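Below: a set of structures, written as structure tokens.
Both of the next two complexes hold subunit A, though its partner changes from subunit B to subunit C.
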Partner chain A sequence: MPEGTLCNKKPIQTKEELDALLADKSGKVYYEEMKSLDVDMDKLKSAFKNTLKSRTRTWLDMCAHCGLCADSCFLYNVNKRDPKQVPSYKIQTTLGELVRRAEKNKPVDNELMRYCMDTAWSKCTCCNRCGSYCPYGIDMGVMFSYLRGLLYAQGFVPWELKIGSGMHRIFRAQMDVTTEDWVETCEWMAEESEDEWPGLEIPVDKEGADVMYTCNAREPKHYPEDLAEAAILFHLTGENWTVPSTGWEQTSLSMFAGDWEACRMQVETVYDAIERLQPKRVIGTECGHAHRATVVEGPYWAGRKDGNPPAPYIHYVEWVHEVLTTGRLKLDPAKRIKVLTTYQDSCNYIRNHGMADKVREIMDYLVEPGYFIEMTPNREHNYCCGGGGGFNGVGKYRPQRNVALKCKRDQILATGAKLVISPCHNCWDAIRDLEEEYKIGIKWSFLKPLLIEMAIVPDHLKPAEE
Partner chain B sequence: MYELLTGPLLWASVLICLGGLIFRVIQYIRGLSWQLDRVAYTAYPTHGFKGAARSILFWLIPFGNHGWRAKPGFTILFFCFHVGLVAVPLFLEGHVVLLREGLGIGWWPSMSMAVADFLTLLMLTAAGLIAIRRIALPEVRIITTAYDFLLLIITTAPFITGYFAAHQAANYEFWLLAHIAAGEIMLVAIPFTKLYHVVGFFLSRAQLGMDFGIKRGGKKKNFAW
Partner chain C sequence: MYYEKILFATTASPACDNAAKVAFDMAMKYDAELVVFHVLGVPTRGFSTQVTDVKTGELEEMYDENYVALVKEEIQNYYESLSDQVNVRVETAVGVPYREILRQARTEDADLIIMGANNRDEDVSSTRYRGVAGETLRKVAKRARCPLAIISRPCTTCWKLFSNIVVATDFSKAADSAFLYALKSAKAVGARLYIFHAYDLSASYVGGKAPTQGEIETHVKQAEQKVKEKYLSRMGDFDNYEVAIWEGTPYVEILKYARAKQADLIVLAHHTREYADPEDAEFGSTVEEVVLRAPCPVASVNHPDKVSD
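Then we have the complex of A and B:
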């Protein structure tokens, strides 16, 4: 059976296909079918011909096998320094092997493809840390992302991520949240907050606003209070803001899946909203990969030569930094956090988008002096939370993911902190899961609830006395 | 034999080396793609240049970045090996004489024999330890191939033979011819093997530096290499 009914090379095109995949609990049939999925060698060869250019080829060919990347990889360290977790080994035995076989006209078998899949999604979170420890600057995170694209095109992709990219294709969101669901959630959250915050609105599709806000579909779907919190903070700071009715989803599971076409479709939906509503700028939620997908990589998927989205597009921590330092949001110093607190640097906007300093300044506002402690290593050199790059979401690799969490667990334990501030959905989830798995007695939080808790509310925004 | 090795073969190997490296550089740059690499290489020349320069510079300085600092032992081996490998052939008195007499270049600086000996022995010791490291450390052993040892042989051969030529008067002629042949083999090997990192190091580091400088946050904050 070359092509399965569920596991095949075709992207999800209809809701029926998506539902059929969802009905296959844990991807049982899907993974069974994968075992007999054929490899399309012509497709693989033509992909190499068209996309394997000098940067990646040099990375593969020039690697001096020095092994300096080994210790840079948290998965190598956390797996008892297993040599099979050395980044160079991982990429050479997967992408490197595929390239060699394609060039020598040797067949690529199903087993190798499944080994590539296991490696690309359970032995690399695309955190890009190895890239800064290689003397040649060989970034294996970038190469694994490239490999994921090749594997996706051949149908060798974890079940959840085939679904995830299918969701983006059907709903333009990583979950089945329709425009109606989204707009209703906005209305519902505005109503819910009205009593406590008179005059609070969540304006949908307002043209020419100062700010357009985008978020992660899990917020409207699973914790809509996050949306309410964003609204409260915009309300408190007097921001002239809006959300688009379509194009509000900033994340991209298709990026984790390597489904580049879906990546483009998703990000163009957001850019269309920007063009339609013409906000002065866009602010994204506290999510690392959403920022990477829509702000850092997205412009390239959409073919934008300057590498920028259609309007200035900032991460939530940049906005928080701005409103705190300009005094538009005032925090009550008496309410500053007085338990030992640490902060989780997200790979996607700290290592890969330069915000390390701004976050530290935010911490100065939030945490009582003497109560903030850094993890080691930190900033650009921090380790992945353990669940990045889609690792959190793939059931097949849950045991490996749980081992991966030990790195962050030990980093947090070494600080002695009881609270971890984590303005990234993925890190937040990983830290929640590590507490569930290893019970080290910590709490974790996004920025929004902490800011609301500490904010000084101007009298005119307070509810009228009964 | 001597005339052949120091005449046409020397010229041929130098030209193959330089020509091959120029070809490598052109081929690399031509193969960069803003859309495939997802880096707007030409859109931000200042950020690109700064990113590239920083990325190269911090890796040329011993202990200049987190990577070197994380592995102090290897860093020392690496620099001992490379300093000897680059400096001795370029500035050895005996080589400079050839430049002066053959090409009329009189301004080229030279190093004393004692310095050259010291750097050569340091380089050869480092090479030996690098070879042992390849076998001793499991994380290096798993990625090591015979090719890696071949490259160590190609790069150390001119130094071993050169050292004997300079210090063993008895077989002087043999060692000298062996040295010239080994040097020419290395020159020819450079563009065709991983030794093309002579230019590839700078290209690849510049590329990642531009990636960080332009796309991955360089407009907000310099990457802390």
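Then we have the complex of A and C:
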């Protein structure tokens, strides 16, 4: 059976296809079908011809196999320094092998493709840490991301990520949240907050606002209070803001899946909203990969020549830094956190987008002096939370993911901290899961609830009692 | 006060049995539709399609129709003996329990939410449930737009036959709605209404200095005046009520007063600000303490939506 009914090379095009995939519990049929999925060599060769550019070719060729990348990889370390977890080995035996075989006209079999899939999604989180340690600057994370695209096109992608990218294709969101659901959630949250925050609004589709806010579909779906909290903080700081009725979803499971077409479709929805509403700037929620997808990589997916989104687009921590340092949001120093606290550097906006200093300044506002402790290593050198790049959500690789969490667990334990501040959905999830898995007695939080708890509320924004 | 639609949020386990009896009985007596609502599981593992089952702690597929159908059937069977002559509909959802209960109440435009509060370890899931239930109760009580009735102990008196309703007020805006609900309920079932306020001495101690007897008396007088202005002025021709102002720790005084008056129902508002880390917040706001210890149902009412004219 070359093409399965569920596992095949076709992207999800209809809701029915998506539902059929969802109905296949844990992807049982899907993975069974994958075992006999054919490899389209012509397609693979033409992909290499069109997209394998000099940088990747050079990286693959110039790798000296020196092994300096080994220690940089947290997965190598937590897997008992298994040589098969050395980044250069991982990429050479997958992408490197595919390229060599394609060039020599040797066949690529199903088994190799499944090995590539296992490696691309369970032995690399695309955290890009190895790239900082390779003497040649070879970045295995970038190459694994490229490999994921090739694998997706051939149908070798984990079940949840085929679903995830399918969600983006059907709903323009990583979960089944429709425009109606979203707008209704905005109304609901405004209503729920109005007693404590008189005058609070969640304006939908307001043109020419100073700020357009985008978020993660999991917020309206399961944690809508996160949206309410964003609204409260915009309200507190007097921000003239809005959310778009469509184009509010900033994340991209399609990026984790390597479904570049869905990536483009998703990010264009956000850019269309920016063009339509003409905000002065856009602020994204506390999510790392959403920032990478929509602010860093997105412009290229959408073919934007200047490499920028249609309006300045900042991460939530940049906005928090701005309102704290300019005094627009004042925190009560007496309410500073007085338990030992550490901070989880998200790879996607710390190592890969340089916000480490700003976050430290935010910590100075939030945590009582003497109560903040850094993980080791930290900042640009910090390790992935253990669940990045899609690792968190893939059932097939849960055992491997749980092993991967040990790195962060041990880093946190070494600090002695009881609270981990984690302004990234993926990191937040991973830390939540590591607590569930290993029970080390920590709490974890986004920035928003902490800020609201500590904020000094101006008198005119307080509810009138009686 | 009448009810067209009652939302009964349940774990469908013994933890909610006492609440179930009240919910089904009320639905029958008021000819209301009863929506039996169960949150299947809590989302977990990032964007994974798996959820943690609320009862067992096991991972389950949230999109599995067979699983959902099975759970619905289980719930129907569980309540079969109570379902006679009741218009029942079973609904399930996946998500964070308090959030999904609020969402369902909003979608259904429910007139009343009923929940159980377990305080004994009689079934295996209760310890796990209690952890969830504490947060769930607190957050639903705080945010629900309609009254929330919490039933933790067997309630042998039919809701329509209540003869003593105590409303405890702290004079907040939310308490206005609690008062209105208590008044309407008392009128509807012909119960006596007891308006009660406890001057909070525990809060006074926070300042480091206990109030003098003179200060306490001044506060009690002020409270009497407030009761007159805020509540007695709205009684109309209803005269089956009495007022009491005590001092002490509010939840203790409320419970003592309710016991003295053989209350069938205690009504109060949950008005504490809540942005403290919910895990840190002691399981101890007035509402929660009253719920845990009250011998009768407790209704938390914070919003005018379903109680004002």
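One rule holds for everything that comes next: the second predicted complex is superposed on the first by the 466 of 466 C-alpha atoms of A that agree within 3 Å, B and C clash if a C-alpha of one lies under 4 Å from a C-alpha of the other, contacts with A are read in each partner's own complex, and residues count from 1 in each chain.
FYI, contacts are C-beta pairs under 8 Å (C-beta built on N, C-alpha and C of every residue); 3 or more make two chains touch, one makes a residue touch a chain.
Everything numeric here is computed off the predicted structure, so don't read it as measured data.
Novice: With both complexes superposed on chain A, which partner does A:332 reach: first (subunit B), second (subunit C), both or neither?
Specialist: Neither partner.
Novice: Among the partners subunit B and subunit C, which is in contact with a greater number of residues of subunit A?
Specialist: Result: the larger residue contact count on subunit A belongs to B.
Novice: Touching A:26, do we find subunit B (first), subunit C (second), both, or neither?
Specialist: Touch status of A:26: second partner only.
Novice: Please work out whether A:139 is in contact with subunit B alone, subunit C alone, both, or neither, and reply first, second, both or neither.
Specialist: A:139: touches subunit B, not subunit C.
Novice: Identify the partner contact of A:306: answer first if only subunit B is touched, second if only subunit C is, both if each is, neither if none is.
Specialist: In the superposed model, A:306 contacts subunit B only, not subunit C.
Novice: Of the two partner chains, subunit B (first) and subunit C (second), which one does A:395 touch, if any: first, second, both, or neither?
Specialist: A:395 contacts subunit C only, not subunit B.
Novice: Now for A:361: first (subunit B), second (subunit C), both, or neither, which partner does it touch?
Specialist: In the superposed model, A:361 contacts neither subunit B nor subunit C.
Novice: Which partner does A:253 reach: the first (subunit B), the second (subunit C), both, or neither?
Specialist: It touches subunit C, and subunit B stays clear.
Novice: Using the superposition described at the top, list the residues of subunit A that contact subunit B and also contact subunit C.
Specialist: none
Novice: Over in the complex, which subunit A residues touch subunit B? Could you list them?
Specialist: 51, 53-55, 57-59, 61-68, 70-72, 76, 81, 83-84, 86, 88-89, 92, 131-139, 296-297, 300, 303, 305-307, 349, 351-357, 377, 379-381
Novice: Touching subunit C in the complex: which residues of subunit A?
Specialist: Residue positions touching the partner: 22-23, 25-26, 160, 163-164, 174-175, 188, 191-192, 195-196, 218, 221-225, 253, 387, 392-395, 398, 425-426, 429-430, 433, 436, 443, 445, 449, 452-453, 463, 465-466.
Novice: Can you tell me which positions in subunit B touch subunit A when the two form their complex?
Specialist: Where subunit B meets subunit A, its residues are 27-40, 43, 55, 59, 65-67, 70-71, 74, 78, 134, 137-145, 148, 194, 196-197, 200-201, 203-205, 207-209, 211, 214-221, 223-225.
Novice: Taking the touch rule as given, give the residues of subunit C at its contact with subunit A in the complex, in rising order.
Specialist: 43-50, 61, 63-65, 95-96, 99, 102-103, 106, 143, 145, 171-174, 273, 275-277, 279, 302-303
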